[in-house]
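Just below sit the structures, each encoded as structure tokens.
What follows is a pair of complexes built around chain A, which joins chain B in one and chain C in the other.
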Partner chain A sequence: MQILSDFQLHRPASLDEAVQLRSELGDGAALYAGGTELLLALKMGVLEYEHLIDVKRIPGLNAIEVQGAALRIGATATHRDIETSPLVAEHVPALSKLARHVANVRVRAAGTLAGNLAFGEPHADPAALLVALGATVELLSSGGRRSLPVEQFAVGAYETELGEDELIEAVVVPLPTAQTRATYLKFQVLERPTVGVAAVARDGDAPTVVVGAVDEKPVRIEASDGVEDYVNAARDAVDPVDDLSGSAEYKRHLTGVIVRRALEALAA
Partner chain B sequence: MTMTTTRISGTINGREVTTEVDNATLLLDLLRDLGLTGAKPSCEMEVCGACAVQLDGLPVSACTTLAIELDGRTVETVEGLAQSADALHPVQRAFLQKSAFQCGFCTPGMIMSAKALLEANPSPSRDDVVHWLEGSICRCTGYESIVEAVLEAAEEMRNG
Partner chain C sequence: MAEPSVSGTSIPRLDGPAKVMGRAKYALDLDIPGAAHGVAVRADRAHARIIGVDASKAEALPGVIAVVTAASVAPIDVRFGHISRDHPALAVDKVRYAGEPVALVVAETRRAAEKAARLVRVTYEDLPAVIDAEDALADGAPLLHEVHPGRTGDEGFHNTGADALEGNLCAANLIEWGDLEAELAAADVVVEGEYRYPMLYGYAMEPYNATALFEEGTLTVYTTAQHPYMVRDDLARMFALPLARVRVVVPYVGGGYGTKSYTKVEPLAALGAYATGRPVRVALSVEEAIFTTRSDGAVIRARSAFKSDGTLLARDFDIVMNSGAYSDNSPLVCAKLAARAFGPYRLNALRVRCRSAFTNTTPASSLRGFGAPQGNLAGELQMDEAADRLGIDARELRLLNVVRPGEEILPGKRGIDADLAADLELLTESLGWGEREGVGFGLAASDAGAHPTSTALVRIHGDGSASCAIGATELGQGSRTVLSQILADGLGLPFEKVSIVQSDTGVVAYERTTGASRTTTLVGRSLLAACDDARRRIRELAAEYAADVQDAPGGVVADGEHLSYGAVIRKWFGSGGEVVGVGAIRRHGEFEKLPPFWEIGASGVAVSVDEETGRVVVEQLTTVGDVGFAINPLLVHGQDLGAATMTLGAALSEELVYDGTTLSNPNVVEYRVPRVSDMPAKIDQILAERRDGIGPFGAKGGGEGAGNTIGAAVAAAVGRLLGRYPRELPLTPERVWRLAQEAAPDRETEAVRG
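Moving on to the complex of A and B:
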């Protein structure tokens, strides 16, 4: 078995305590929720922390609720919580469907949406759809609260705007109007998506298209003039690399294919 | 080197367990050190399902779960399902009837994942079963007999 190095465990009982620990421990500590990404990295020795701050036992932090005109997903809500939430199914069904197809059932039972964003693994599903939906993350530190669009929060591979004294309190998705259509479509042969495409059309406006899992962060496709325009723009916009999921050329081609299918699904 | 430890209390297969564990210990190691060797170390990266156990009812990869997660919670492993060979769990019986294993390495994980599904959804469709078992890898059977077994167990459990 792989061996983890020793660490001190902190189990804050409240957000105040958690934020206090973040201030005190700084970059010597990792936030720990589902652990589905963090523990892999710790086992491989890619990351090492003296402290883990387990936020799972903070009461209410996994709540999923509608507040005003937004769906608010607490930081410790798991992919399965989202998949099975009647509120998510009612208001943002594309997110329910996405959650149902994240990794596998064991990862969905443990892993959290906020953790997924905080880890910043590029080959992941949620960020692309959240960017297309205009979602934000609520960040909390002892200095106060700030809200950042997911699009800005994601900086690059394993890199986010999360400060070393901050934690994610919630992921906030503006409620789509009844006329909004949204979809997330991916192509995947290994454990992680090769290409994921989110398309969201609000009230007859030109769709917002965001490509995930190809570049280090989600790529917004700037186009406006029909499916072909989006397909060509997407092929040009992504900057893939050769890896186990395929060659750069293959991924560029695949990006166009999945963008086309996503837009067709939106129109269907 | 002294390891930092945490005192935990939880339930494993219906038995209260209180123990001091190293924080860095994985749930899979804790279980196997207790003699519960049904869950297997295999891919060790949450991909294959050979180490699947139920944590508060849901399947998790014990290879990538800390032992401290047992604290205040309930873990079920394949060893807890049957007290004797003639008192098998319906999922175990169905796996036998459908010959849903050959080498048996993946079977404890498959059975615990299937049991978790049937507890969450007593009437799964074939698609539900296939979707739930994505990420549970068997290199012998080709999966068809496993899916059949889970559907059969579902029917048996519904009919009591």
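Moving on to the complex of A and C:
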């Protein structure tokens, strides 16, 4: 099917209006920013909503700025905004690089980072690196604001902690210190990554390694004893399934390969 | 004929600016006043008896005009098919594949039609389904066609195994000569293996669409078809109309590649128009297009027997094709696969047995290369494997066995009109064969051109300019430009004074098909014949006023005076007027022997492999375009690059995957076609112009050949790097990784030995 079923489009002019619509419409409404995932799902009839709340036009919601010791990425900032932002390039270059390789330029021009997290597509790039960087999401509802680590926000495939009356206001990335090294390395053949590995080493500490796109949510690898330890731990930690990108066995192997390469890149 | 001056130059393509600027009108862009929109209700299961269709909710929706089923248009026989009339446009009694149209909702808007289509309730009684081709041919397999459909009897398709078809056998072909068993017994080395070529979706940017209307007793269809005349014939049969009362018009086409050959959605649109009395447009999404046509997957069991000195003695192929629910063009693909599997080599004995099986999957049909890429995978990989086992260089082994110009590769057929050995030298030199790792290459010769029926109509106008109406379709291959060049040379006119009008069966001359790389060669020749006829007519008119009339570029010399065509026409008519020339070629004279020409494949690659991940990167692609004479060199390069790139998709990533009876990747998100970023860093395109073709100025066709060897070439290149040849495409990272794992112990052993 090519054509969307009927829905009502709401275009709040402010965050307050958007929050109010969220509390009024509840689970009958979906937030709509880039629409790169949502509209496809609607066209295919996988999702149906009576209402879409278009947050794209809320002034300032796409801002990318440094506030204190954090980089704050507004909810409607697109992957392309992040890719081309001098601030992101200066403070979190690994995120710039990741954004540059999300999907294709058309998706990057429309799709947003917050939307990517909110949709909860497991085979996506950003979550793994955000988890490794200790990023949080700022959630807003009529009841107030709360902040949640991305690691907790992501629950499973297409499942998040986003309440039906909430919206993401911003993604907040703590500024890495000058000595921090971070990298995101992925293996991808189809439209989405098969395996994505984020590795972040802070001030000479043992690296934080997070594997994305394999399980339903990013998997933090608990290891401390050198590259091979991480590689083995990663192979054990993931729980892949057979799909068009490959068998579970292959993806488990591949996870080890990409973890090793990410750690080698980090050390280089 | 004089040496060409317009042909042989890379004139920029005529359709380029309109397409690049977005001005080009495709069938979907045509504004047909009053057109309603048809959307198909498709089967959600692979094989089932239809118990009932409840359209009441759909019909009640505002804007819905009708819900059309096969029963509702009785007594129209909704079946179509150019080889076997076995394909109902709307399912009759049962559905044979998931995605098959069961009903057509016609509504005032596309939106209403789509909404209504979701409300049509079809009740089914499930039948056992068969997805795998070999399962389908086994005893006791679920039967797709209870009554075997038989053949339409078209002369062009006589060799499609119409006899003795039973069960799920869609077509069968056997090519045999020599004493196979004796040759096998005499062989020093016999290479044996089973090879698998995937089912593919030939992704064209423009999905299928057609708009049909009945007016003044004539059915007119605007569509995106490669073969408008074949579509006309199918529609005339369906609606019992004279051919003169069916008009098929094809504007610009957004990619064909064989997927738009023969009839596709035109009957749906025509049935909608018939049932409602309105013009009806049916425009498919890419997802629906994937459920309309795919290419035949194949399993190929092959043996090749050699003497220790490298002489190829005999080959034996047993091939099973997965052809889907209906015949479409698979019987012809079956015949072509058989003829294209064993390669352009001398053989004492050959046996090729090729069977095409009906399965409960999307109907399969032509796709660029037409059986050649499937067969070539087995045939050429066995040359490579044999070379290793014989300790002979893979290029030398081919040079030793390849046929020389004029030699037959199929008894009784036209001898090879190409110098394959010279092509191979060009190819391997470009690829650095022997000097670098990871190189693969191959040869192919395809019996191309199809049945040589072509007609052309040339009109020389009162100002001396000329136009030509032909039935071959501009698919993006550049035929309008190339034929204009031939027309200019045929009449001795500058390029600016000629034009080509294409693909409206109500206006243009008959053309059998636009496929099998035939347009430049066959239409080019009928066009030149029409030019000769027009020039003869011009001389006749001039002779009424002059004693001595001779041909001259752009006109005649009459009693020593040069008269342009225009001057002759104006003088004869007094006012206005034109001269019409007709040209035709048929299976006669120099076209008696089939094929009209051999299409040559001589392409290869250099690759690198990441053995840990299994990723293959194509570093270099080389094509040798052995086209006799390049009417437009740049367009030949474009065709060669396009063909090779398409097969790179099959080699590395493209495959329609069934999970049980469900197609897992019916969209271009999960069905992975090549992207610009996949293109090799180095591309070397070579032309081999030896004027050895039957076409204009020694030309012969291209457009498929460059792709035919690419699957085997990539597999060979990967195999040489890993120490073990793959036998299944596409070479997904996982397959390559597994192959590397399997090959590792062998290589360790060799390292110990070495």
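Basically, the second predicted complex is superposed on the first by the 267 of 268 C-alpha atoms of A that agree within 3 Å, B and C clash if a C-alpha of one lies under 4 Å from a C-alpha of the other, contacts with A are read in each partner's own complex, and residues count from 1 in each chain.
The rule we apply is simple: contacts are C-beta pairs under 8 Å (C-beta built on N, C-alpha and C of every residue); 3 or more make two chains touch, one makes a residue touch a chain.
All values reported here derive from a predicted model rather than from experimental measurement.
Peer 1: Should A:G246 be classified as contacting the first partner (chain B), the second (chain C), both, or neither?
Peer 2: In the superposed model, A:G246 contacts chain C only, not chain B.
Peer 1: Where does A:G35 make contact in the superposed view: on chain B (first), on chain C (second), on both, or on neither?
Peer 2: first
Peer 1: Touching A:V257, do we find chain B (first), chain C (second), both, or neither?
Peer 2: Second partner only.
Peer 1: Going by the contact rule set out at the top, does A:E191 touch chain B (first), chain C (second), both, or neither?
Peer 2: both
Peer 1: Examine A:R106 and indicate which partner it touches, taking first as chain B and second as chain C; both and neither are also allowed.
Peer 2: First partner only.
Peer 1: Which chain, chain B or chain C, is in touch with more residues of chain A?
Peer 2: Counting residues of chain A touched by each partner, the higher count goes to B.
Peer 1: Once the structures are superposed on A, label A:R80 by its partner contacts, choosing first (chain B), second (chain C), both or neither.
Peer 2: first
Peer 1: Of the two partner chains, chain B (first) and chain C (second), which one does A:D225 touch, if any: first, second, both, or neither?
Peer 2: In the superposition, A:D225 touches no partner, neither chain B nor chain C.
Peer 1: Considering only the touch criterion stated at the top, classify A:S5 as touching first (chain B), second (chain C), both, or neither.
Peer 2: In the superposition, A:S5 touches chain B and chain C alike.
Peer 1: Report, in rising order, the residues of chain A that make contact with chain B in one complex and with chain C in the other.
Peer 2: 1-3, 5, 191
Peer 1: Within their complex, state which residues of chain C touch chain A.
Peer 2: Result: residues 110-111, 114-115, 118, 285, 287, 612-615, 653, 657, 664-665, 669-670, 672, 732-734, 737-738 of chain C touch chain A.
Peer 1: Show me the residue ranges of chain A that touch chain B in the complex, using the header's touch definition.
Peer 2: It comes out as residues 1-9, 35-36, 39-40, 43, 52, 80, 100, 103-107, 109-110, 191.
Peer 1: Chain A touches which residues of chain B in the complex?
Peer 2: Within the complex, chain B touches chain A at residues 1, 3-4, 6, 22-24, 26, 28-29, 41, 44-47, 49, 52, 55, 58-61, 63-66, 68, 113, 116-117, 131-136.
Peer 1: Could you please specify the touching residues of chain A with respect to chain C in the complex?
Peer 2: Per the stated touch rule, the residues are 1-3, 5, 45, 187, 189-191, 194, 244, 246-247, 250, 253-254, 257-258.
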